[in-house]
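Read from first to last, the chains carry the letters A, B, C, D and E; within each, the first residue is number 1.
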């Protein structure tokens, strides 16, 4: 397997081709088989590869499998080469297995959709591209996957393409991501220009060998711009909430568990660069913290179950960036993993809710679903428990580690550390609050929807509930298994990817136990407070408390509800002016160029038209012209 | 002037083509059967072309008559023009009901006149040849006596022509006064003895002679007769008039320039020719845009083309003369081809033949449309037509002689020219002919054959120009060696 | 001395009658004035020692050609057609330009065409001319035959009335 | 076949001449002959690839016949790495045109087919001519058929567009003709031997001020053809009015004649001037990239949108050319092919709906992915190729151009890279507006699905898009020596170390002992 | 003996007068007569130079010029007659069917 790493993405790619080309003709059964099977095969192959890798190489060295030289031109080139190293392994496992679960889930969820085959072919393609992203051995290959998942995201968000908003959301996602990709591209150009390579190992080696600080900072910031796009950070987060227009499993897989975490993966992958550029790290941490808080405030006032989760995702991604920004790469990645579990579970759960509610997504119309869809309720509750950061659920460990690192990291001045920590902690509080708000509004109280909806409510089929159960379990225990403090499996596993760089703090630094336990307590307390607050407001009274809030401070409420008008702001400051500029260029400048050029033509024609009238038809005039010509030339020559 | 007391032996050979033409023309006067006139004329013309092979190069008649490779090329151009004009005229005249031997006779005398004019080493011969030509043109233009426009054309050309002849004669007289001879060899000797120091009377003589020939060439500002005359005259005559006489005149100019080269260079009199060339290129092309009458448009385009040829001639190099030789032949092919298509328009010849008349021609009569298109592209100088290769030759000569600026002006004006040539193609292919009101095209076998000759000639010269180039180059070098 | 007087007298006549040609509105008068002017020129030719051409001038030019002119004028009844005035600008430019041309020409000729009088006798009698014409100038002479033939054919053709009838 | 180039060049002309004698009524036979001839040409042109030897820089498969001996003008053909793929692109796109227009050309099919065959030959001629005059002859010969194609079979405003197209192009090319003449004169002046062979001209080293003038003359001609920013206004009109086939060829091949001209003539003939003005040209290219993209975004007309996108994409090509390094130029050549494929496909596909609905306005469509799913799929693939999605061809070209030009001029490159964002904006907008959303127009509910011939025309393009995207080295390899030679002539060759692949296997935590940049020369 | 120059001056004056006539008169025949005047001025010049150089060539040239003048006169007058047939006038300003 190790020599054929390309097979791992190849399986889902084959699935994509089969489903895409034949799926419509061969019918649903075929698709139902091929789609999940491709994913599962990939997961199995990946697992085998991981075991082989580990067996062959216990100390975590990088394994590269060259497929062929992809591009090579002058000094610039890239290989189609896949690599395994501890980091790739983690991502590979998350992506393939969570992906497989979601494939299975989708069989149930999408059962009645018209574009079933299309859905699975996109989903398979996504998996393939995601695997290219995480297995690629160079930035360029990573970029291939990066853009590829962007494409799939675009296609899947716009899956219901006959809905205007879905199509628009897909386009928005792609374009915003492109802005990030622009940064990524420039970063790669810088690497090529200065390091002559984009191979991960070679780049980090070159960076350590005395590259100019400005260069490394620039590369890092540009890479981070890419990460902002993909992982929905300020200022490029705006696409993610809209992306909820896609089918819910897509939200779970792409917009929660895997694709959006690619940015974090990238930063971890580039840890050597980032560690050499503390300024860039500071930016990362700041952006992450601000995003975490900002998105959380919006999530508090959302009514759409998926929108809440979407902003929650943005917020959680912010946490991850706090982690990697403060140098706690392991913690950040840890949160990626746990987040994949619980957020996937939440999204799938919400999907199950929506499924049960016949497509209804507004939590104001829900309520009291606890008893009607018990499996969903339980899994959702566990995942909420995890994301809110209650010990010993998975979210607790990862989030706590991030916040602790934020406070205790050796990179930045103390004040900055405190600032980040405070932001993170507030955001964590908000998280607990809005998640429990969601939980209470959805599952508690009385049913607020129509009778017809109530009549139709039913628990989802096994294909949907089994993944839910698995993910819920993982959400509950995953954190403890992977990252029990001081017996940190993930940290140990990842250690080889963090090179020692002279003069730069180690990537996995120690935090004093006192601080650690203190912070653990604080985290837990915050989660509890958040929960209790939510409970008091929403557990019984439905959303009346929110209405009261609207009445008491309408400005803030409206701001939160309308996502602080960021979209409108972008529209007014960037999109509209650009469009006006374009109109001006088209109708103004183009017309001007044409005008100037045709003016030349008109002048010639006008001269011709004018000279024409010397042609009077009178032969004596002609003789006069002739004679005047003679006189002039005589005068000149004689 | 040292003239031989007796004619040299071999003089029959020397003037065989002219003899055949003249005698053929006289025979035509007696042909009663109207249908026979054009075939007889064709036979005579072809015989003339054949007789070109029998002519021996050399100087005859007491150094007043020179036959060389160059004159042979020009002779072929004249004969070609005459053949094409005859073919087109045959159909034109029978459509107009004025078929007659006199037409072809005059055409052939005119051709003979041009040949003698081109071969004359003495200005006397040149002027006599020119006069024969002019007389024929006067009559041919008015040949369609029903047409008041034809009569007007004839009148205008006559008055201007006689006026211009007056200038040529007076210029020649002054020149004679300065050099003591009208022979070009004497002129050359005078010019090289004199070096730079030519007096104003020589300059005046030069100006007057150039003005007279400039009239024939329709160089600006001596041009204004051209559009009216082309429009009014019978179309085949206009076709012929726009090509062959210009070629003959250019050959005469080439001789005069060659003879006077030292004087011309020393006094930069060529600036005058440059000015004429530039004016012609600009005015011709600019005004052509404003024309909707095809023949007028072609007249202006002809003015511009003469400008191009002047550019080559004013370089005072053998290459220039060679390129003019090529250009005139090509120009004869393409311009007569273009006029030929116009001549097929079966409508009242008093009315202008406008662009609208050829609308949709390309699909109505595909071959005529294609032929007109080829001619237009050749006129605008686009490859792979002969027009390109000859224009290339001209500008190449200009550039190699350091006249890059004038070449640039030529290029810029020919961009303008593309517009109106293209407009013809636009009418041919892209304009729908109005239903039912399309002007019928009346092309008989002769006219079609003539068009085919034009098109094939244009393409062959365009693609395989080497033989013509070599002949022209050799001829031009001869001319310069004789200087 | 007498020759000078003759010269100036006939030069004046030539110029005056030339002016009459271009100024008088009646073409018949103009034609007759031209004949007079040509006579004066014939005298000049005699002064230039080419009596043969003087004779030709009188016989061919003043005699034949001008009679032809008069004939046509009479034929077309032109003497009764008053010539309308033309556009002043053409008139003005015509006078000014031709005057300046003439003045310039005279100036240059007067200044640069200064020549010593030739010595000896200039023999250009009919015999000499004839011999040269039929020996050395035989070819141009034949060209004239074509010229005249073409002119005759053309003139006959053009002046036939068929054209006007079918106008 | 020893005369494979001549055969490729003349076969379409022979077919065109034969077709002239076909009766006008037998439209299907004429189309069939045209298609067969063009496919045969394509197959023969595959022989060029097969006989092309990798690793050789100079012209290959050379054929020389004296044409105009006294001026040293020859009928000289040859291909090198720069022209090889462009020839193939031409021979590929012509059958695509015939296939796609099989059912749509009812007016004068005979002339249509003949025009395209002659055009094909002329375009091949441009790419294989190794004599300056021959090059010019073919360069101009392409104009007439295209003029007719736009003018006769075009849309409502076709006359204006055709004349504009012709005049713009002729303006530049006639000035170039003067430049060519002058160059030939200089060649003769310096070497004493008249020749217009391009390779002979490469040996000239002209004084800078002369280079500047000649550079201006040549660059103007090619800049108009490309078209470069302020001279681009003919392109949208020509594209909008041209029939589908005309647009495909115009965008697919004709524009490349400009960029090809830069590479073949401007760079090696006027190296000093090129280096001196490279920044200006890059600047114009970058302006063109952004300008074209922005203007494309606000177009209400599909074809105009794609046309402006061509302005943008060709800007990348010019940027790469004037970056003057191996990577950028190879990328540029590849991008020429890419643009031919993707934009050709886009025009083809726009034509498909145009034939069904007779409107190109975005506003008249919407939701047709419902009624035409296959069509939508093909369109989206072509669109993604144009956007530059990795895995498809567009990305490889753009990436190489940008990463190459970044070494030369980072600022312009960064500006140019915004084109990548803008491309996504306008093309996705197009797709969204046309294919997605609810069907609002009644006519769109019954719009028939893409037909077999149109699919057949599109498939080869898509296959190539994927091929180039997945394995570009096959194409790049053949260019490399020629581009190296070109750069050597320009004397600006960066001693680029050749990229070397990583190797399969483990590497220790201090990776890349044998890092890519230490192992040179291996490909 | 009268200096050649004087003849030349006379000739120049006559030539200019002829030109003036062409430019200022409307009557076609008068114009043509003016042209004849120009031709005669030319002849005078030729003869003056011929005597100056003692060359018979100039004389013979004049002889041929006379022939030319005769031929022109024949054709020219025929044209005027034809013109008169068409328009009942020989005012050349009336002949302006074609212009611009």
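Criterion: contacts are C-beta pairs under 8 Å (C-beta built on N, C-alpha and C of every residue); 3 or more make two chains touch, one makes a residue touch a chain.
Keep in mind the model is a prediction, meaning the values are calculated, not measured.
Separation of chain A from chain D in touch steps, taking the shortest path, is 1. Distance between Cα centroids is largest for the pairing of chain A with C. Across A-B and C-E, it is C-E that has more C-beta pairs touching. Chain D has its Cα centroid nearest to the centroid of all protein Cα atoms in the structure. For this pair, chain B with chain D, the centres built from the Cα atoms lie 44 Å apart. Centroid to centroid, with C-alpha atoms defining each point, chain B and chain E lie 26 Å apart.
Averaging C-alpha coordinates per chain places the centre of chain B 30 Å away from that of chain C. If you average the CA atoms of chain C and of chain D, the two centres end up 72 Å from each other.
Residues of chain C found to touch two or more other chains are 86, 90, 93-94, 97-98, 101, 105, 108-109, 113, 132, 137, 140, 144, 147, 150-151, 154-155, 157-158, 163-164, 167. Residues of chain B in contact with at least two other chains: 124, 128, 131, 135, 138-139, 142, 145, 148, 151, 154-156, 159, 163, 177, 200-201, 204, 227-228, 419.
Across the assembly, chain D contributes 167 as residues in contact with two or more other chains.
Interchain contacts (touch definition given at top) occur between A-B, A-C, A-D, A-E, B-C, B-D, B-E, C-E. By the touch criterion stated above, chain A contacts chain E in their complex at residues 612-613, 615-620, 623-624, 627. Considering their complex, residues 618, 620-621, 624, 627-628, 630-631, 634-635, 638 of chain A touch chain C. The residues of chain D lying in touch with chain B in their complex are 66-71, 108, 111, 133, 136-138, 140-141, 143-144, 147-148, 151-152, 158-159, 162-163, 166-167, 170-171, 174-175, 177-178, 181-182, 184-185, 188. Of all residues in chain D, only 167-168, 230-231, 233, 236, 291, 294-295, 297-299, 325-327, 330-331, 367, 369-370, 384, 389-391, 395-396, 399-400, 402-404, 406-407, 410, 413-414, 417-418, 420-421, 424-425, 428-429, 431-432, 435-439, 470-473, 476, 480, 494, 496-512, 515-517, 523 touch chain A in the complex they form. Considering their complex, residues 86, 90, 93-94, 97-98, 100-101, 104, 108 of chain C touch chain A.
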